[in-house]
Amino acid sequence: MAPITGPLSGTDKATVAEALQGALVDLVDLSLVAKQAHWNVVGPHFRSIHLQLDELVAIAREHADTIAERAVALGVNPDGRSATVAGNTAIHQPENGWIEDGKVIATMTDILEGVGKRLRERIAATEEADPVTQDLLIAVAQDVEKQHWMFQAQR
Amino acid sequence: MAPITGPLSGTDKATVAEALQGALVDLVDLSLVAKQAHWNVVGPHFRSIHLQLDELVAIAREHADTIAERAVALGVNPDGRSATVAGNTAIHQPENGWIEDGKVIATMTDILEGVGKRLRERIAATEEADPVTQDLLIAVAQDVEKQHWMFQAQR
Amino acid sequence: MAPITGPLSGTDKATVAEALQGALVDLVDLSLVAKQAHWNVVGPHFRSIHLQLDELVAIAREHADTIAERAVALGVNPDGRSATVAGNTAIHQPENGWIEDGKVIATMTDILEGVGKRLRERIAATEEADPVTQDLLIAVAQDVEKQHWMFQAQR
Amino acid sequence: MAPITGPLSGTDKATVAEALQGALVDLVDLSLVAKQAHWNVVGPHFRSIHLQLDELVAIAREHADTIAERAVALGVNPDGRSATVAGNTAIHQPENGWIEDGKVIATMTDILEGVGKRLRERIAATEEADPVTQDLLIAVAQDVEKQHWMFQAQR
Amino acid sequence: MAPITGPLSGTDKATVAEALQGALVDLVDLSLVAKQAHWNVVGPHFRSIHLQLDELVAIAREHADTIAERAVALGVNPDGRSATVAGNTAIHQPENGWIEDGKVIATMTDILEGVGKRLRERIAATEEADPVTQDLLIAVAQDVEKQHWMFQAQR
Amino acid sequence: MAPITGPLSGTDKATVAEALQGALVDLVDLSLVAKQAHWNVVGPHFRSIHLQLDELVAIAREHADTIAERAVALGVNPDGRSATVAGNTAIHQPENGWIEDGKVIATMTDILEGVGKRLRERIAATEEADPVTQDLLIAVAQDVEKQHWMFQAQR
Amino acid sequence: MAPITGPLSGTDKATVAEALQGALVDLVDLSLVAKQAHWNVVGPHFRSIHLQLDELVAIAREHADTIAERAVALGVNPDGRSATVAGNTAIHQPENGWIEDGKVIATMTDILEGVGKRLRERIAATEEADPVTQDLLIAVAQDVEKQHWMFQAQR
Amino acid sequence: MAPITGPLSGTDKATVAEALQGALVDLVDLSLVAKQAHWNVVGPHFRSIHLQLDELVAIAREHADTIAERAVALGVNPDGRSATVAGNTAIHQPENGWIEDGKVIATMTDILEGVGKRLRERIAATEEADPVTQDLLIAVAQDVEKQHWMFQAQR
Amino acid sequence: MAPITGPLSGTDKATVAEALQGALVDLVDLSLVAKQAHWNVVGPHFRSIHLQLDELVAIAREHADTIAERAVALGVNPDGRSATVAGNTAIHQPENGWIEDGKVIATMTDILEGVGKRLRERIAATEEADPVTQDLLIAVAQDVEKQHWMFQAQR
Amino acid sequence: MAPITGPLSGTDKATVAEALQGALVDLVDLSLVAKQAHWNVVGPHFRSIHLQLDELVAIAREHADTIAERAVALGVNPDGRSATVAGNTAIHQPENGWIEDGKVIATMTDILEGVGKRLRERIAATEEADPVTQDLLIAVAQDVEKQHWMFQAQR
Amino acid sequence: MAPITGPLSGTDKATVAEALQGALVDLVDLSLVAKQAHWNVVGPHFRSIHLQLDELVAIAREHADTIAERAVALGVNPDGRSATVAGNTAIHQPENGWIEDGKVIATMTDILEGVGKRLRERIAATEEADPVTQDLLIAVAQDVEKQHWMFQAQR
Amino acid sequence: MAPITGPLSGTDKATVAEALQGALVDLVDLSLVAKQAHWNVVGPHFRSIHLQLDELVAIAREHADTIAERAVALGVNPDGRSATVAGNTAIHQPENGWIEDGKVIATMTDILEGVGKRLRERIAATEEADPVTQDLLIAVAQDVEKQHWMFQAQR
């Protein structure tokens, strides 16, 4: 018997499980990519972007934890292992090595746009299945779209 | 020209770069594996282990950042992307799904023993090349070996 | 004339009033039952459960206050008096006296499952009548279902 | 065998147990009645009384916890369940619905006078049986009599 | 080309833009009117109202910022300039000069009722167009309706 | 009879009242214009200016409150309503819409220069009439001239 | 030889010494009278006035300390002993016993008006003799006149 | 009718009233004398004593407030006006002017011994009349006797 | 001459000195034994007990300091040197080496029961001699008996 | 063109520039000399003086920053380089090596007297030229004269 | 089998175990001796030394915990029981009773010199065996030698 | 006799003394040069560099204090007087007057590279003589090399 049972079952549970696991991969990888840029960025805007990326890392980590714990509360196993993230991420990976500050801005803008779009699909997908999960995804989207603006504004 | 130049060059730089990148992969993956167990653990000791794992995550994240920023200060690019971590980690990965609390204790004890051993090799390797880096690795080892005891003590 | 008038009237107001009063009784009694167990629990896991129950008490009290103040803002009188709670609660009451730790885990898991179910019915009931109230009930459900997992995981 | 044994036995234990259980019922119900008034009060002095009542709730909750944990330390089971409180409380219950601010002042003054009187009886009763318990009851009485003044002063 | 692009376009974007700009004008003017009363109020209840109005100012300012930044994240320019606010506000302006405390209570109750009503219209208007914006407007409405009660209760 | 009487009368009171009301309009509008730029700024220096403007908003709001409360203490009614501010401000208003970061720097430098000049006139005007008011205006001028430098330095 | 010598001597020192000692007596007695009312006030506005008086006590105590330490820095001995304060105070003393809240408001308004007037005379008297002392007295006057408004506003 | 009635009456009330009023005069004058020495002390140990005296002032003020509020809670009017304190204090007053550090130590040691003795008499006097008051006086005595040691130890 | 003289003399002083020195030895050794177990505990409940023991250490240290300083205030020399503690302790010492968690629970339960019993004897012994000292011992007993329950509850 | 232009020009600007640069050299060197004594002081009063000097360092550093930033705000370049400070300081330099505590007191008293005198000249010099600068210098003088007393009192 | 295994074995483990146990005895006894002096010191410098000793106690306790937990992490049992400390300490024990302040300074200087010397021997002894332990001992030595200076400077 | 004696003597002491004094001059001058740039920087990156320089000032001040206090603990007199710093600094001094932001970045990068190199020489020089001092210098080098990267990254 599954050790944890939650309020959902059947299709609803499967739909929500897929949305949460997808969001988890997006958020864990967002935190890793943002850290990668936080370390390797160079250019006249280095300091401002270096600090901004750490705020993004903190946001991504906090939402990842909330999303994963929501999955567990529904009896669904979240998978945030490195191989799972590396194998399933839809985030375009930056090259290794130094990254010019303008390039960081452009890259993060694209990445956040993508994460935001996938969140909106998950918000739509979970509306009927579980309003509690949907509410959490809306909160993630609000922060991601705000970060998207703040990187975009620097182009 | 490399945008960042540090005090080391030649063999010393290569030796230190390898030690730091190795430690970074260990620490990033340690944070991911500990989170994975933080979410999926079940059993009578759930709450205590759930909290302890989050302390370990915090330690791993903080040291990972220090180690990566040390690399950059030496003109070396740290690589903490998910594919790099997944492809190079020496940490034995847990299965996906629920993990009994006793299993978590055993797994984390083994993982921390391995991370600690590799840190000791890196401490030895960097002694001549860069005492500043060595000092940081010693600090990481102290925390990792302390965590190793605290998980081991619960067997 | 009623001293406080809010934005709702008629059926909508009645529907929402019923949902809020029901949630209030559930949350006040949840805080009292959790305190009862916090005091009377015994067993090898005493300390961990003793602390966990106080976190649950804090969550129940905070949500009870928000729910009751939402009622007032709509011109509805919340009733959290002891006789009302004792007379209307759907929470199965523990026996008086010492409670073994395993019994506490089982009891709280059942209680939280019941509270969570009734919250989901109230979320459905208030969707049309008042999205503001529904949003508050969703936030309560998120915390209750999370607590449900964390007790259940210790079985 | 009783899981918890304390320093008292026989008549002393019975005397102290009765005093502590009586104080617990008073304090839990005081917190519930004060919350009830906190939510339902109306009138020109609404805001000041609304805030004052929450201070009283915090005092009542903190003392209730200390009193109940004192009982457990003596091997006595505290009973703070809603039915016990509702069935044993000596506090005159307010009507449901809006309460004018002057009425709140008068009601709380009366309630606090009663709680204070019963505390003084318990202080006398426990003097010989257990000076440690008596010391805690004196601390409760000090706060209750201070609150009594502060409500009374507003008449 | 617009410097900021967000996830919405066409009618949805226009609908949401109108709702956000309307809410912004309401919230900025609410903060100015509440400050005006905070300074000019007189009467026996002066101190309590003076403090309460500053809490309302803080709430209005915080929500105004969130609402305006939501607009920017959607590629819409918020306009909070004094002439825009003065020219578009639907809030009935108090006379200049001293305001009796009872008059402040009555005025703020009416103003908050109006702001709350317009927020409910915007919540309905944005439901289909953007659930993220709707969620923010629901949070504003919750606070505004709570403040409405707290002023109303003092009549 | 005026509800509030202060230590000044006749010409002194009129002089000081005019200086305070003028400073109030400047400071309230400075806070609104700075927020407007905080939201609508774009360009490579976005983040740094976005944060700097919020510090300016905080300074302007705090001084506005002190200045307005000084007026009340003298028995003078401050007027910070949106129509009064919009109708009397000497601050050149920015266009609606996106503002390039260089444009923000230039605009805020000009605005702060103007506010600073008018403050110096008010400092001179109040020297004889009320040294207490003059002291407050000196404190405002110190902060405004410091901000003027910090924006100007970025040109 | 005097143990402490400061920058002033002759008439300047005597003038400043007198102003500081006068202000000290005013401020110490203001703190005592405000505490007296803080304890003995009764009436429907009890709680608000009780809290407000403690803020006044804190202000009076802090300024008294600054004023006395300014005297010492000039080589002048401040005298804040009870007999000195009782024998030299110009503050009209309240009767012993309960004080109705309206009476407190009226009394404190009068007292603060008097303290403010004497401060203005001392500000004038010290302008030539010592601008540093004058600056401190201006700061005291600002707070005293603000408190005067806040009590006056409640009549 | 007296506005505040407490749990005591007759001889008990009179006994307790006398003890509380006596302690209040001691504590208020202790705070004034300690401040006087805090300002006027000179000598090689100036700084240490200057700081120590401010700790004593804080202790005296806090206990004075508790004692006075206890009186009010019993329906007794505390009297802490300067003339009452000056006229009734049993504390030997220091001369005006500079006080050598050794003299301060000796003076404060004597004063604290006296205050301590009178507190012990009041503890004895109130034992039967009111254990709640006695408990407060015991707490004051503990702090006063500790301060007595700490000054005495410096002789 | 003794450097410190306090309010007691003769038999009273001797009685209280003996009680305080006995309590001091108990509390210092309790802190050392709890630290010993904090370090050497092993077993499935390691983490919970490890943390709980540190709370006990903090409690023992704080009370030891209060008790020792009370002795000094009475002119009695506390003796907390290692040889004195080792030679006079009544606490049964644990073996050196690893201690199983269940053994820790049993050992600490016994130790705390003993410390509590001796405290009760000291409370009785000091009642007549010094109510101030008795009050401190009552506070120690309250914490010790609470800790006794919390260890006992885990058996 | 000068990058920063402020409100002053001509003689006023030159006068204020000279006063600010003079104060800056005094304050930077005061911080260096106080640190020198903080490290090298010996004698029975070591600890008290060691701590006091660090408070003086903090005061000197904070005022130095304010003074230098005031200069920049006026378009004047502050010069706090070591050679400028060493070449222009009017502070008598202590010998290198250990400094007896009495010598530290005497030296710091003289230094603070000198700094205070020069500040008073600068306060006089800037009165007409710039009241904002004068106000800052008055604040510095207040702290410096207070420190002068506190060192002097220890002779 | 030993419950805890660490990275060392054989001679290295024995060497490090001896160094850590020796340091633990030194640090626990240092904390007890410093507390003993903290309580029994008398003389004109009482307060300064009393405070300084508590800082030393805090440092000794914190390092003792780190050193003991390092031992456990290596699979070595730390022994901090009172008999072990009393029987093995190399710290010269002060007589019981009052200690003049000059005597305290001399005693603590000698004790800290001894502890420092033994730490330097342990730093040398562990260099090859375990750089992690050596690093911890270096940190202890830094603090102990700093404390040695600060007591020595007061002779 | 030297007032302070430490664990070193002869050549070791001389070697360490030279290293510490050299590091002290570097760090004090680094703090002065960084403040100079903090005040006089202009250019589009003004704000970011202005803030970054203050972080560098804080780091330099904190390490300077630790280094100087290490010298004293060894019985060596640190010399941080302005003339000593100005006469011995190896840091290339910036011109007086405005400094373009790019110039600041280049200058600070060069300065930090030089300070870092000299620290590495001192780390090598002190390895045999005093591992405690070496450990402190390693910690300084880590921060200096990190700052070097962060300025360099902005070129």
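Structure notes:
In this document, chain identifiers A, B, C, D, E, F, G, H, I, J, K and L correspond to the written order of the chains, with residue numbering beginning at 1 in each.
Simple rule for what comes next: contacts are C-beta pairs under 8 Å (C-beta built on N, C-alpha and C of every residue); 3 or more make two chains touch, one makes a residue touch a chain.
These figures come from a predicted structure and were not determined experimentally.
Each step here moves to a touching chain, and the least such steps from chain F to chain L number 1. The equivalent interface to A-C, defined as the listed pair sharing over half of its contact pairs by residue number with it, is F-J out of F-J, B-C or F-L. Overlaying chain F onto chain J using CA atoms gives a rotation of 120 degrees, to the nearest 5. Note: centroid distance chain B to chain L, computed from Cα atoms, is 32 Å.
For the pair chain E and chain F, the distance between mean C-alpha positions equals 23 Å. The multi-chain contact residues of chain K, meaning those touching 2 or more other chains, are 3-4, 42, 45, 48, 69, 72, 135, 153, 155. If you check each pair of chains against the touch rule, the ones that pass are A-B, A-C, A-E, A-F, A-L, B-C, B-I, B-K, B-L, C-D, C-E, C-I, D-E, D-G, D-H, D-I, E-F, E-G, F-G, F-J, F-L, G-H, G-J, H-I, H-J, H-K, I-K, J-K, J-L, K-L. Residue ranges of chain D in contact with chain H, taken from their complex: 116-117, 120, 123, 134-135, 138-139, 141-142, 145-146, 148-149, 152-153, 155. Chain E contributes residues 41-48, 50 to its touches with chain G in the complex.
Those residues of chain G that touch chain H in the complex are listed here as 2-4, 28-29, 32-33, 35-36, 39-40, 42, 65, 68-69, 71-72, 77-87, 89, 93-94, 96-98. Within the complex formed with chain L, the residues of chain F that make contact are 45, 48-49, 52, 102, 150, 153-155.
Within the complex formed with chain B, the chain K residues making contact are 3-7, 69-70, 72-74, 131-132, 135-136.
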